[in-house]
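Below are two complexes that have subunit A in common, paired first with subunit B and then with subunit C.
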Partner chain A sequence: MSKEPRTDWQRQQKQLSKQQKSRNLASWALTAPALLWLIVFFLVPYLIVVIYSFLTPDIYDVKFEFSMDAYRQAFNPDYLRTLFQSFKLATFTTLLCLLLGFPVAYFIARAKDKTKNTLLVFIIIPFWTNLIIRIFSWRIFLAYNGVLNDVLMNIGLISQPLEIMRTDMAVILVMVYVYLPYMILPLYSVLEKLDFTLLQAAMDLGASEVKAFFSITLPLSIEGIFAGSLLVFIPALGAYLIPQLVGNQRTLYLGQVITYKIKNIPRNWPMASALSLTLLFFVAIMLILLFTLYRHRRNRGHA
Partner chain B sequence: MEEIRIEHVTKDFDGFVAVNDVSLTIHSGELFSFLGPSGCGKTTLLRMIAGFETPRSGRIMIGSADITDIPPYKRQVNTIFQNYSLFPHMSVYDNVAFGLRIRKTPKAEIKDRVEEMLSLVKMADQASKYPDQISGGQKQRIAIARALINKPKVLLLDEPLAALDLKLRQHMLIELMNIHDAVGITFIYVTHDQGEAMSISDRVAVMNHGKIIQAGPPDDIYERPKSIFSAYFIGETNLITGEVTAIEDDYIQLKCPDGTGNFLELDSTYNIKPEVGKELTVSLRPEKIALSRSKPRMQDDINMLKGTIEDILYLGTHTQYIVRVGLLKFRVFSQHKRVYFDDKALDWEESVWLFWHDSDTWLIDEIPEHDISDSAEGGVSHYQRSVKRPAQI
Partner chain C sequence: MKRMSIARFYKGMNLTAFSLVMVFLYIPILILVIFSFNDAKIITGWRGFTLKYYEQLWHNDAIKDAFRNTMLIAGLSTLISTVFGILTALGMENKNFSGRRLISGLIYVPLVIPDILMGVSLALLFNFTRVNTGMITVLIAHITFCISYTVIVIQSRLEGFDYSLVEAAMDLGAKPAVIFWKVKFPLMLPGIIAAALLAFTLSIDDFIITFFTSGRGFDTLPIYVEGTIRRGTITTINSLSTIMIGFTLFLVVITKRIRKVLISSM
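Entry: the complex of A and B
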């Protein structure tokens, strides 16, 4: 029996599978650079972090001796408290961004097309300036004898300068300022697609504006809320720069602690690695929970 | 049951007057339609009844209650939106239950009433599906159930069938009439489709430029249009403007502006009192005209003109002939019969007689302001001969 295709159908199949193969090859060729990049600069460094977390610290480097000390310490109450602080900060930042960002996103989504673009540019403008410069501007603004206090004293609202700089409040304030656009943009993208006649339909059926918001707008923008919250929450968990520049040393966040472990001598690479991975572990659990919830919502009734 | 009274309602958007001093009474339990081209103000009027727009002046009353400034969620009025506006994140059941849940109705009652409504619209077996899993016609039914479950005094329908295909549209039209009969409340229906409005409504209001041109039963508007707009917006017609040459006891004579010196005779039993020497416009529906090769027997109440067939359009249920009479072109509809007046079907360039009963030439007390004819013709005087083509076929 020859293996030559006999019928048209067989020939077609052969032709198709050839096309399929070349298409697969093309997509691999196109993905390869990005994949390579990720492997070399993301996966490999992470593996190094994992390996380091199981080694023994030395003054400047590590000794290649297996040890679980780093993890034992990472779960000691002092560090857990720092982890908790970071979660608290990230949660507050996310909630505040959501509360402040939602009305803004809603307003932009409902604006006329021309106004929309202008407003979106305003949201993006802060990205044009370096983050550190923007944080330092806040320092100047909030300082004991800074702009804010000067103005408030001059108009007689206060008699003593407020101590805002180097407080937890200052940290939250600047965090919200920096991360707000990351919340607004995904919210905007879902609200922009929202069919506003649905709100009219809800009101037509007896729902007041408030009820219509909670029964229609909110559930239909849940994807944007998820996306925005992730974009704010995860970077906020590892926040280092902002607490370092406007916060105080009494409240330390995990990002700062990890940095100190590497910066201060004797260095403790395993400890820094273990803390990073602990953080990653909690984030991963949260993400899995969120996505399960999300998929459950989407599949509801679609079985 | 209470009637709806619209009293001197005016609404404008940035200087554009959408609704201009409209007054109208819609009877309780009536199926009433607003019919007009897009931008005529019909949807704006509907949205004011629903509460989504507030009139600049005037009042809207349901019975003795002034609802002009009441927000939509406090009105006993529900709307079927053009694109249905079903809530995509809720099942069919939850969509229908929405209004009752908002009003904190007991759960058991909700269940009973939702089931009752779903069976009214024949969707009882689809309760657990989501809007993206059902067809256009089914969405339409759910929108109706979702509105009617609130027991509104009035149901507003904003071009409800526009998104459906022709067969489904005809089917849903009958369904809507049945539902109207079953629930017995007032339906206000907005459409630009004259066929829908004519077939479904107890009464129709023809609107243009924010005003009601004519309101009445569909046959009244079709047979006895009061204005040129209602004559040519609904159905097709031949509009002829000519000078009155004689007024007798039983007929009015009009000089036919075809350039041949023919006269048209009209029934004289109109409300309008014409004068000799003045111009009048008549509307002559294409299906009222009969065609024959041989000259019909002379009769008192028959109008006759001789012309040439210029175009023949076969349309299935009927054929449309364009017949030239002097400077005029007449549009004539003729149904296909096995038996013709003469042995064979009419052909291009044949001479034929057009004849019709004089009571079918309907007098309109209005002279066309602009040329509404559909062909540029050299040599036609300022008299218009007009054949209207519907906006879309």
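Entry: the complex of A and C
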């Protein structure tokens, strides 16, 4: 038999912990459906990817024989080049989005409250429009006999249609187009909270606009820059649809190669798995790097 | 005086950047809409106004099937992922919950991994388990990628939650069930609607994960559109796209309305 709690305080504590236990149980019960779902359809599939990456390919399927070929192939120069291309594309896309997105976010953040919402809606509408339609609209615009070439030739700026479609430039252009809102929205949300009187104060004290920008605006909006870059860079690394629809087959990106290995016959699922895991690995490294950098900056800011 | 002009210069630069980005964002869409009424087989020049591509759209059974599939998947995955979202957000409200880190990790990780990897991993899961790909597998995939968004949106709404209302209800002797349905749920509703709308648009929009998890014979609109573009028969795609853009605008307006109605009703 347990001793009776001696004081009211102890009794209260015991009751409290009992209450906490039941609340904890309730929390497990409430989160169980999503937890189970994500274990079965998010974690387990990755386990299968790991297993498949060590198997032998078959024309339509896989053979359950152990092999390291997929990894050996994944690190040959051809595939490393693809990986490099994807990194290059993601980096350029992120930088261009930042460069274009920052002034836009700044402009919206400094607009009057009433106009702010309208301006935001203008940014969000394309973001809500179907991705494939947005890509398709660029095909019409940039095509050899498309609208842009038509207009430029009619004004007499060019005598021959430009071949923009199916170039690497078209891929970057459409990537920036698609991912720009993902950069603008987080930038806006930090810039909106930014105390612009600080800027005014700095300038009253004699700082130039440029100096005030680099010593106040930029450091204070670093969180938005991180968030936006993350939202652009990571999906850009795995891009498939945009390079597929506006790019050429000379420059292949990782997303395309992975998809071909799964969809095209002869299939090579071990290879697709190994490449997917490589991509996952780099994403993980990027994330860790970004967060350390972010935490480092923040700590320094607080010190 | 000089500083004044620099300030104006910056303001002007931002305005220019904003206008340029607006042009950049809208020109292609605008052209697409205009050309859906163009009476030409290929996309060159203006050949006069026509509605015939809309008519063709109406008679195209493949598009109608794809539309039905898209709506079915979007509706069901929205419903299920929103219910998951509500339950999970309520469970995560408890700050001392021992599974908090595990679950928030599982919720956030899918968001920072490229979509294509979820597609690949689910494709392999369905291959490994020998499940026939089709409607059910697409639905499973869509629920999986929607859950994270619904949980986060509903949770963020709960975080700004005014507990004094719940306490007041408790002090007045209300039963837990009554508190939930009369106080908490109405306060959660805007978050729930936002989450559902987000899940719905994400589901309609998805190409890559559907591409990996749908078998032959089960096309959603994005899959159908991509296939058509690849085969080069694009005349109806303009009109189809225009209708879908119209639908987007409708959703944007509706959300604003819903939000207004909800705010005014409270």
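Details
Please note the rule applied: the second predicted complex is superposed on the first by the 296 of 303 C-alpha atoms of A that agree within 3 Å, B and C clash if a C-alpha of one lies under 4 Å from a C-alpha of the other, contacts with A are read in each partner's own complex, and residues count from 1 in each chain.
The rule we apply is simple: contacts are C-beta pairs under 8 Å (C-beta built on N, C-alpha and C of every residue); 3 or more make two chains touch, one makes a residue touch a chain.
Quantities reported herein were computed from a predicted structural model and do not represent experimental measurements.
Shared-chain residue A:M203: touches subunit B and subunit C both.
Touch criterion met: A:D195 reaches subunit B, while subunit C stays clear of it. Contact with subunit C, but none with subunit B, is seen for A:L279 once the two complexes are overlaid on the shared chain.
With both structures placed on the common chain, the touch criterion links A:V44 to subunit C but leaves subunit B unconnected.
In the superposition on chain A, no contact is made by A:Y260 with either subunit B or subunit C. In the superposed pair of complexes, A:P219 makes contact with subunit B only, with no contact to subunit C. When the two complexes are overlaid on their common chain A, residue A:Y71 makes contact with neither subunit B nor subunit C.
Of the two partner chains placed around the shared chain by superposition, subunit B is the only one that A:K211 touches, whereas subunit C remains out of contact.
Annotation for subunit A, partner touching more residues between subunit B and subunit C: C. Contacts of subunit A with subunit B, set against its contacts with subunit C after fitting on chain A, overlap at residues 203, 208.
Across the complex, subunit A meets subunit B through its residues 195, 197-198, 200-208, 211, 215-216, 219-220, 301-302. Of all residues in subunit C, those touching subunit A in their complex are 3, 6-7, 10, 13-15, 17-18, 20-22, 24-29, 31-32, 35, 42-45, 83-85, 87-88, 90-94, 96-100, 102-103, 106-107, 109-110, 112-118, 120-125, 127-128, 140-141, 143-144, 147, 151, 201, 204-205, 207-208, 211-212, 221-222, 225-226, 229, 234, 237-238, 241, 244-245, 248-249, 251-252, 256. Contacts from subunit B toward subunit A in the complex involve residues 50-52, 71-74, 77-79, 81, 83, 85-89, 91, 98-99, 102-103, 128-130, 133, 146-147, 150. Within the complex, the subunit A residues that touch subunit C are 20, 23-24, 26-31, 33-35, 37-39, 41-46, 48-49, 51-52, 61-62, 100-101, 103-104, 106-108, 110, 119, 121-126, 128-134, 136-141, 143, 145-147, 150, 177, 180, 203, 208-209, 230, 234-235, 237-238, 240-241, 245, 255, 258-259, 262-263, 269, 272-273, 276, 279-280, 283, 287.
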